[in-house]
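You will see chain A twice below: alongside chain B first, and alongside chain C after that.
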Partner chain A sequence: MYTSRQAWMFVLPALLLYAAFVAVPILQVAAYSLFSWDNGSIKAFSGLANYARLGTDGVFWTALGHNAIWAILTLCFPLLIGLILASILAERSPRVVKVMSAIYFLPRTIPLVVAGIIWGWIYNPIFGLLNYVLDLVGLGSWGGAWLAESGTALISLNVAGAWTFYGFCVLIYLSAIQSIDPSLYEAASLDGASWGQRFRFVTVPLLKSTTLFLGLYSAIEAMRFFDLVWVTTQGGPGYDTEVLTTHIYKTFFLVGDFGYAAALSVVLLVIVLTVGGLSYRILRQS
Partner chain B sequence: MTRPSRILQHVFLLIFALYALMPVYLVLLASVRSEADLFSGPLTLPWPIDFSNFQRVWFESGFSQFVVNSLVISVGSTALVMLTAPLAGFAFAKLKFKGKEAVFALFLAGLVVPAPSVIVALYGDLQMLGLLNTRIGVILPQAALLLPFSIFMMRTVMEDVPDELLEAATIDGATLFETFIKVVVPVVKPGLLSLALIAFLFSWQEYLLPLVVIQDETLKPLTVGAATLQGRYGVDYGGIAAAGIIAFAPIVVLFLVLQRSFTRGLTAGAVK
Partner chain C sequence: MATVSFDRTRKAFGAHEVLKGISLDVADGEFVILVGPSGCGKSTLLRMLAGLEQATGGDIRIGGRSVIGVSPKDRDIAMVFQTYALYPHMTVSENMGFSLRLAKAPKAQADARIKTAASMLDLGQLLDRYPKELSGGQRQRVAMGRAIVRDPKVFLFDEPLSNLDAKLRVQMRAEIKALHQRLKTTSIYVTHDQVEAMTMADRIVVMNGGNIEQAGTPLELYDNPANLFVAGFIGSPSMNFIEGILEAGSTFRSKGGFTMPMPHGLAAKMGREAVYGIRPEHVEIARNGREPTLSPTITVVEPMGAETLILAEFDSDSISVSYRGRDIFKPGDKLPIVIDPNQAHLFDKATGEKIR
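Let's look at the complex of A and B:
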């Protein structure tokens, strides 16, 4: 037998590391947000003054809107593609499944920084692959400076983001489909259900909780992402691809406004913790 | 299934394979394309095949050092995770102790914490500790940020250890720690390998932490090095392509060799 103290010794190393570099900094950020700062040091207690500025900070609301659009686009595209690919693959031989899922997942192993650089090239207006291919098929007039134009920048970035994410969705959906009782599919087939009907009436309903998980996961990721934007557009053109994390980074390192950067960080934390807490409850119920 | 719909499915599978592979193929071509061949179109096969891009970034742009730094940071963070997360995961899965639920909730909350939201404080803390502009200054917060996922995954893995094994060890008079090392670790080895791979992958890919912590050119990891190279010589496409490949090739090879372990780890954290 063991004492409670002995058990604690198992948790303690992890807890110390986590407290020192995650938990305590979060408390510090919350405290910093209540002060006005001057040149990296505290000037005066300012209560909620930093938060009061949020209302009039247009960039903040623009950025938040982009995070929301990012989340919706992720739900529409990588999740749906992942679900369809996984349901097709589930009926193929294990070899095909192994090779194809490795291919789909490959982009996820590439650092987002490098992914950003590669997609920056694909979208390059002069020598980029996208305009080149459009030219080849006679659609040259559709070409553009994808990441430098206000109308296309955010959605183009999202296609690059989806590139690194849909393979993950395939993996998760595949392992969920493989745990569905095969007799359900056999029964549906015997009743004369087509592939589309089996997909619609067996796969989709039974994967509801997987979809829920991936949806909540991508909503949180949509609030957290930074690398991809930072190496491609740094939030530009103008503020067209600004997101909360880039706004924090700029406010902290470029403007040097520690108090307001801390307030923005707290807002980000409150959002992800709320979504995270909701996810935990919903997923535990289902 | 009807033939046309089966063909349609094949087409669908292939289109998205192309989506995954085309950008990688593009970089591979660009990395071995000589300067003279630069304007013959992104998809034409480069000729003659030219490895001077790799030579240049490796020897002149500091990439031989960036690789070392990436290795040091990733191995360091992975080691820290491996020394702490399995122990904690075991305690959360198998032991009873006061405050267990509260501590677990604290770690659970960390699952969603974005690195950018803590840098405002972390930057000053590291400065105070004298860890700014050091690799250990990246390793420590990196490992700490990986802990919530790692502990969550380890708890799932440890739950599958049969209680009878633990009881038998206790009856033999083994202490808790001895039981962990001699009985638990051998049983969960595949899970440990998965965790190590994922911790390594995430550390290797990290960009923001080293970007913020490290200024010294000789301490930068590959991610920061590649981004700097892009900013500095915006026109050296061959060089940037070679740099990109140096940055992702090791991890891609690791993934292809150990695909099963990777997949198991990623889905274990997610599916439960």
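Let's look at the complex of A and C:
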């Protein structure tokens, strides 16, 4: 048995790395948020003044709203699509499962920046694939500048985001479905359940904790989202696709308002930690 | 209630033929047990009757109606699974009433049927519990309750007792039998345990390698096994088999040269290679000066309380003897035994069929 001191020695290297690269920078950012800055250097201690600005910062609230919409849409579509595809796939032969899982998961392996470029092309109003296909099927009038119009920009971006995420949901759901005792489905068939009823009364309830995990995971991801937005719209047009991370980026690098950017970062951190803590608690309970 | 018929029913998984043309008729209200070693096709046959596997040939009829191509839900059968297959997110009551809920049965009627089944199985106090809160035996009862609630034409049981401990298995065996006597629903039950088969069945169907070896009442199979496989499978401890040859004067000579009396009235061909079968409980210990048939050397003594099982060897053969009594025997002793020829069976060595 190790003594407590020896045990600490084993933990120490990881602890030092954690402190140097996680804890200290976070505390640093939190500290910076309490100062006013001028041209990259601290001007004066301002207390909570940077936080007081949040209330009147319309862009912050718009961005936060977009993050919330993003989280809700992610919960609705990639999770639902993932669940349905996984349920269909689970009844196929192992070979089909293997091939289709790889195909579904492919978008997840593409870096988000590349995914952003791909979807930038797809949505391009002049040579984009989407408008071309709409033209082809006689719905040319529906076409438009998907990422440049305020009505469609956020939804279009979310579709791209869903494309990068649904494969992950398929795989997680698939492994959860495969761990369900097959005799439950056989019993349900004998009890008179159709495919839809087996899905509703057996699959969905038994995937509760998986759905909870994916939901909370996607909520955290939705708050941290940056690459796809930055590559495609940079938060535009206007602030129509602005999210917290792009707002922070602009405040820091373009405006140079380090104190306020730090305050925004702390707020984002608190939100993510709250959702994360909540997830941990709920998952443990379930 | 209904009759069940298998008519040259076949099943193959790819090139591997699991069932090689099964023909069997189950009477209305009969309790039939399919028994056999792992891989003999008994569970596949049951699952085909349930509609969970599709037949690759032949016909299956329930109540005279062919069910080939009919979905499981339209066959009016209920099945109790080896793993119980209770829905873990539903209470006992919800599990039992699930089929009624799907059939959109009126709530009052559904509640009444659940209540009746629950009282029949002594589950009244457990209706609001979840499966994880129940013991193995209680789960087993709920699985049966779920089947009873549906009031099906046929009950199917797929090794329902194999996950229970020995004591509970004996208790549940009696409960299932009592339940069948009360409901009189046609029941088909799969097990690899011949004791279960012997104690519960109206009729036993012994299967091996995708074929039916013999079908009959438990005592028919015990007293008159059709072949070596059935003789070895039915009965515990298993029948002794001694290889040898038939000689003049109605004598069987073992390979080691020992002679044994042939069953009376048997006109067997001389010189034919045969297997002599005698159950351990039909071998007596020679007492009061009786002339022993054999005096093998004891190798193992297994006292079991009510009876004692002794394993003994003679030449290259061995024989087990089961008897009621507490004589002190120990390994190395000679065991003087008498074999009653009328309790013995002779089988053809080449075909395994009983010589009659």
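For the reader, a short list of remarks on this structure follows.
Here is the rule we use: the second predicted complex is superposed on the first by the 285 of 286 C-alpha atoms of A that agree within 3 Å, B and C clash if a C-alpha of one lies under 4 Å from a C-alpha of the other, contacts with A are read in each partner's own complex, and residues count from 1 in each chain.
Following the convention adopted for this analysis, a contact is a pair of C-beta atoms (placed from the backbone, for glycine too) under 8 Å apart; a residue touches a chain by one contact, two chains touch by 3 or more.
All values reported here derive from a predicted model rather than from experimental measurement.
With both structures placed on the common chain, the touch criterion links A:Glu186 to chain C but leaves chain B unconnected. By the touch criterion stated above, A:Ala23 is placed in contact with chain B alone, chain C being left untouched. Legend: residue contacts after superposition of the two complexes on their common chain; A:Leu278 is shown touching neither chain B nor chain C. Look at A:Cys76: by the touch rule set out above, it reaches neither chain B nor chain C. Set against each other, chain B and chain C differ in how many residues of chain A they touch, and the higher count belongs to B. Judged by the touch definition given at the top, the superposed model places A:Phe201 against chain C, while chain B stays out of reach.
Overlaid on A, the two complexes show chain B and chain C touching the same residues of chain A, namely 194. Of all the residues in chain C, the ones that touch chain A in their complex are 50-52, 71-73, 77-79, 81-83, 85, 87-89, 98-99, 102-103, 146, 150.
Looking at the complex, you find that chain B touches chain A at residues 1, 5, 9, 12-13, 16-17, 19-24, 26-27, 30, 39, 41-43, 80, 83-85, 87-88, 90-92, 95-98, 103, 106-125, 140-141, 143-145, 147-148, 151, 170, 175-177, 180, 201, 204-205, 207-208, 212, 222-224, 226-227, 230, 237, 240, 244, 247-248, 251-252, 255-256, 259, 262-263, 266-267, 270-271.
Chain A makes touch with chain C in their complex at residues 181, 183-184, 186-194, 197, 201-202, 205-206, 208.
On the side of chain A, the complex with chain B involves touching residues 1-2, 4-11, 13-15, 17-18, 20-26, 28-29, 32, 40, 81, 84-85, 88-89, 98, 100-107, 109-115, 117-122, 127-129, 132, 163, 166-168, 171-172, 175-176, 194-196, 210, 213, 217, 220, 223-224, 226-227, 230-231, 244-245, 248-249, 252-253, 258, 261-262, 265-266, 268-269, 272-273, 275-277, 280.
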